[in-house]
Amino acid sequence: MDFLIDGLLSALLLIWSLDPGLIEIVWVSLKVSSTSTLIASLVGVPAGFLIAFGEFSGKRFVITLLNTLLALPTVAVGLLVYTFICRRGIFGGFDLLYTQKAIIIGQVILIIPIVATFTISAVSRLDDRYRKTALTVGANAIQTAWVIVREVRFGIAAAIIAAFGRVIAEVGISMMLGGNAKGFTRTMTTAMALEYDKGLFELSVALGIALLAVSFAVNVFFHYFQGRVRE
Amino acid sequence: MVYELRNITKTFEQRTVLNLERLSVKKGKILGLLGPNGAGKTTLLEIMAFLSSPTSGGMWFNQQKVDFTGGKLKDLRRRVVLVQQDSILFSTSVSNNVDFPLRIRKAPKAKREQIVGELLDMVGMRDFGHAPAHKLSSGETQRVAIARALACFPEVILLDEPTANVDVENQIAIERIIREINRTKGISVVFTTHNMIQASRLADETVFLYEGKVARSIYENIFSGRIQTDESGRQLCVAQNGLRLHVQHDKSGPVRISIDPAIVEISRNGNEFSEDNTFKGRLIQLTDEQGRVRALVDVGVPLSVLIPKEVFRSLGLGIGDDVWLNCPAKSIEIF
Amino acid sequence: TQAGEKLLKMSTTTSTENSGLLNVLLPEFDVDTGIQVKVFAKGTGAAIRDGIDGNVDVILVHAKESEEKFVANGYGAYRLDVMHNDFVIIGPTIDPAGIDGMRDAAMAMRKIARSRSVFVSRGDDSGTHTKEQELWKATGMGLRTETVEVIKKRKKQRFFSQHPEEFGAQYLSIGQGMGKTLAYAEQKQAYTLADRGTYLNYKFGRKEGLDLKILCQGDSKLYNPYGIIPISQKKHPHVKFQWADRFAKWLTSQKAQSLIGRYQIEGQQAFFPDAIPNAK
Amino acid sequence: MVYELRNITKTFEQRTVLNLERLSVKKGKILGLLGPNGAGKTTLLEIMAFLSSPTSGGMWFNQQKVDFTGGKLKDLRRRVVLVQQDSILFSTSVSNNVDFPLRIRKAPKAKREQIVGELLDMVGMRDFGHAPAHKLSSGETQRVAIARALACFPEVILLDEPTANVDVENQIAIERIIREINRTKGISVVFTTHNMIQASRLADETVFLYEGKVARSIYENIFSGRIQTDESGRQLCVAQNGLRLHVQHDKSGPVRISIDPAIVEISRNGNEFSEDNTFKGRLIQLTDEQGRVRALVDVGVPLSVLIPKEVFRSLGLGIGDDVWLNCPAKSIEIF
Amino acid sequence: MDFLIDGLLSALLLIWSLDPGLIEIVWVSLKVSSTSTLIASLVGVPAGFLIAFGEFSGKRFVITLLNTLLALPTVAVGLLVYTFICRRGIFGGFDLLYTQKAIIIGQVILIIPIVATFTISAVSRLDDRYRKTALTVGANAIQTAWVIVREVRFGIAAAIIAAFGRVIAEVGISMMLGGNAKGFTRTMTTAMALEYDKGLFELSVALGIALLAVSFAVNVFFHYFQGRVRE
């Protein structure tokens, strides 16, 4: 009990004093997570569309596969990416390991299945008449997709929010591929894990609270933005 | 011919719901499609709108064979527009809905606004321009959907029961619009309806669809029933509504029958007729139909009879009169 | 767990578990006493924390100073020396700081700092990190102190970590376990301080051995003593002190000590018994 | 009285779409609701089905005041069933849909099967028992929805345009079903329609709804137009369809007018009438309506005239004849 | 590159030889993850319904809050639960820490927001006529909810699958609250983390592959089951 309250107080202290260390890791977290969410959305939403509307054999298999990939463990993603970008890997020359870029690569792989699955689920439940109407009044494939996105925008927003939540709270990939180097790749979650390992639970809780505060702010912003788009 | 369809079939999970040997739509004409529920009207219109592909068979659009697998459908779709039976509007404002076809055709903004206004006026929905389209009543929705279709300025417009939910004033208005765009812009029209009178009023040609086939029969006086054998060993069709008709047919069990109103005979008294298939009824409606008069006779159920004008005059029939009807064997079609 | 089964809970550091030593010791203890030991491996701080919170019956860690404080504060009943292994300073084969073969660890660390080579620090308050900071202190160089403020027991408290000022950006504090630190140092071709057991596992236990080598070893400053502490029943009445006590005594017995002395990782002795130093 | 509504209003985002001073439905009777699109018919039916609550006002069901906030709505809902305009079926088989009301009322299994069969027969959908309900055509869907509603064995059945998408044969069948459940089981019925003739055929009483209010006007001969002043300074209403009528009214700008068909005068030649509001047209339809004859005259638009039978006889009018109509000021209602 | 292939081979060997150690941790993982998914579904789906159909002030706030909780870091959940169940915590007497139950508690907290959010998103997109139809033919609240569940079953299934994927791939909570004790609370992910820490990447990859195989099997089973329900 004690350290929750201590944690809360520490969080307030950290935030209040605008601790430069805190600001830095918040910034790294936000930058990395937003970038990977953005990239994953740009890939995952269209992929979801193609799968949902495509008529190809093995469609059910692809969907089952995507569902399976929802259970992709961060350690597995970390190792996979590691193989390719470590010094001995194929892309070792780019010196990506232990950079923010490495985290982004891993996180994108982690959440593409989330974005795609929920896009499929949102899109395929939509009344087919929307698609047919768009087509018959002369929309091309992209315009039709856009019409559908508009109709299911809340579902897609939910998918993107979930993906963002997943990566900003994610620790395995950030740790393995980012390396938790202070001032470079230390994120809120890797910092939390570190403080936990040190036994400094108060600080860990404080960081957790800060993380939720940041996430709340992002969501409020997103909701406001959605509200505006709706009009 | 705008459309030529040959041996078009459509099968849903083993059930063939469309099976058209031949159907064509003449350029610049209005074709009315009649047919009971489930006849395949909507299925056919979706194929003609290039929105779904037939299971087999060929379709020619302006003499060009349509390749349903190819990527060229988009260009064809731009020339044809379908107003669906339960139309949906995009969840944005009413004017945005009507504006949509113009916007994707990259019409200049000022012109778009003007056209949207005109079209909304046409269907009596100008006041609703800013209303959220997905909250309109059914009839309002249907009318906006028609305005949106007109904004496509198509070569062909396909309308699936365009006036089903529409109020009387707008039914008349929509019929007028259809006639107008057909006459002044030469747009070919195909529409479906259950209203025989609407079809004959509006269409240059009427096709009756039954169980996915073009039926010779006329979409009138249709009854479900079953064929039995009466005491005297003759075949008798007992309709669900109580009508009993002697028939000659090798089918038995449940059937549908239609009685051709042009062959049914009408008279002031029943003596003229044989006892078979003769019914007494009351004349409840008379309608003028280009050279003929349609008489609706209540014989327990309403039966429709078509009488050449001269014959009608000579009979001197008045509304509300008691009359006798005789349905000769050749007027009865079993299918 | 079945009724009547004797289960003892122990928190220890990840490196202890990873060395594989416990897989040799614990089954023997079970055979001798019928007590099974359930092991929770984590960072040194978290392991000690488990003791403070009374989550386990006994802890086996390597951070002598904290351990003694732990006992002094009444959380631990007593502390017994069990064994030590040692730390080694490792680095890239080309050895830019030129410390290969040095014995004096403090001197070696000084050279690394002076040559502005990259150094990877665990930075996680682990035994290894504590040892690293001791070595920096012994270099006599100007140290830079980093502080965090935390509220503990409603009071502001400060926590420090130190490293030579001169390093600048070449000093990488990554806050991870030993294994990950080794991987990181390999990637960056940097120096680091490692415990011998983990190093041996990474160097010889894998197909593609670690591309770093030992450059400095053997200084007594690099010793890494492990202690066993049963949790005091005065603070936590529920703990199974009796069994924990038996385990502590057993670990320091002739039998266990010789098991420790004989244990090898990749053909090299990894731990040196301290209770009975010459046990074989 | 099954229903008594007093000062019921319903407001959607500032727009009041329903505003009924008083409306009641007699027990065991059939009430027809007429009204243009957006008049508030569906909104009203949803309130009567206890599915949405009025913004203000009170409703009594069988003399009991309905508490729209309370938890008792469930019991009330079991006594009333609504068939929606665009009905939806649950995505399971057709028979499961009809079975659903029986199942939740815990009817015994054998009885359920029997009832489901009978009801599907009634709407002519027995063959579709195992078909997936969400893939039916519109008319089929509507008919299954009616069967499902009947499976509730309600005290009151509310039908929103029950025959809009239904084919002719089933239109007749559904009208018969409505009449039958009303007569034999005493179920009160409220239905909406755009078909004036259907309403007068089926309903014991007809209410005309306009802009959310019960209007005195009759749901016939309705035109949108605007009131202008002509050269001679008199007020003139120019309807969108071209009809020009002199009126006396203080409104100006866009209006709707209705012309009472019972007051319009008809004659074989126009000499009898003043020049004002007199039109020449062709008699295109005659319908028998309990003691009166409804004549439909095409004067550019179809205008409906109601003529007492004796008067009609004396005029000796025949279908297709040319006639003159005069719409006296008092026949014209502006709203 | 090498250790990916080695990992794959090791995985096949492990699976082929039905390694009892592997079977045990697979069993623990499956048991814990299914239990927490089940509990979270039983709470989250009804909660989603209540929120979606409820008309109460602060509804938008509750939804934003749930969206925020999608970003709940495992370390934070771990610490929160730890506070209550550690020896000194309120529920310390139950001796829950370092048991499978502890993992389940933490995982349930982690995924309730996922299940609830996606239930809301699925349910609120459904045409309101389904609800009205069920009500008018006489269904009570629970029967109506059941009708709606049937209509959006694919959306809810997607939510549950995502939740299951989240917990079976989750490592932080299992590690902190389970303690990764061999034979008791060692799960596939904590074992992976351990082997990784040891530098035994091959084994870690092998476990990752085994995990995906298990998750695939669960998904195939689920799809098959869905397919049957559909009829």
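Chains: A, B, C, D and E, in written order; residue numbering restarts at 1 for each.
The working rule: a residue touches a chain if its C-beta (ideal position, glycine included) is under 8 Å from a C-beta of that chain, and two chains touch if they have at least 3 such contacts.
Here the structure is a predicted model, which is why all the values come from computation and not from measurement.
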Chains touching subunit B and subunit E alike, please list them. A, D
Which two chains have the greatest number of C-beta pairs in contact? A-E
For the C-alpha superposition of subunit A onto subunit E, the rotation angle in degrees, rounded to the nearest 5, equals 180
Need the CA-centroid distance for the pair subunit C / subunit D, whole Å please. 86
Note: subunit D sits from subunit A at a C-alpha centroid distance in Å of 54
Rounded Å distance, subunit D centre to subunit E centre (Cα mean): 53
Residues of subunit E touching at least two other chains: 3, 88, 127, 196, 201
Multi-chain contacts in subunit D, i.e. residues touching at least two other chains, fall at 86
Going by the contact rule already set, what residues in subunit C reach two or more other chains? 42, 177, 180, 208
For each chain, which other chains does it touch, given as pairs? A-B, A-C, A-E, B-D, C-E, D-E
The answer for subunit A against subunit C in the complex is residues 2-3, 5-6, 9-10, 13, 17, 21, 86-88, 97-98, 175-176, 179-182, 184, 186, 190-191, 193-194, 196-203, 206
Given the complex, residues on subunit C that touch subunit E span 9, 14, 17-18, 38-42, 53-55, 177-180, 182-183, 198, 201-202, 205-208, 236, 238
Interfacial residue positions of subunit B with respect to subunit D in the complex: 12, 35-39, 41-42, 85-86, 124, 135-140, 143, 161, 164-173, 176, 194, 196, 219-220, 222-224, 240-241, 282-288, 293, 301-302, 309, 312-313, 318-320
For the complex, give me every residue of subunit C touching subunit A. 42-49, 123-126, 148-154, 156, 159, 172-177, 180, 184, 186-188, 208, 211
Enumerate the contact residues on subunit D facing subunit E in the complex. 46, 49, 51, 74, 77-78, 80-82, 84, 86-88, 90-92, 100-101, 104-105, 148-149, 151-152
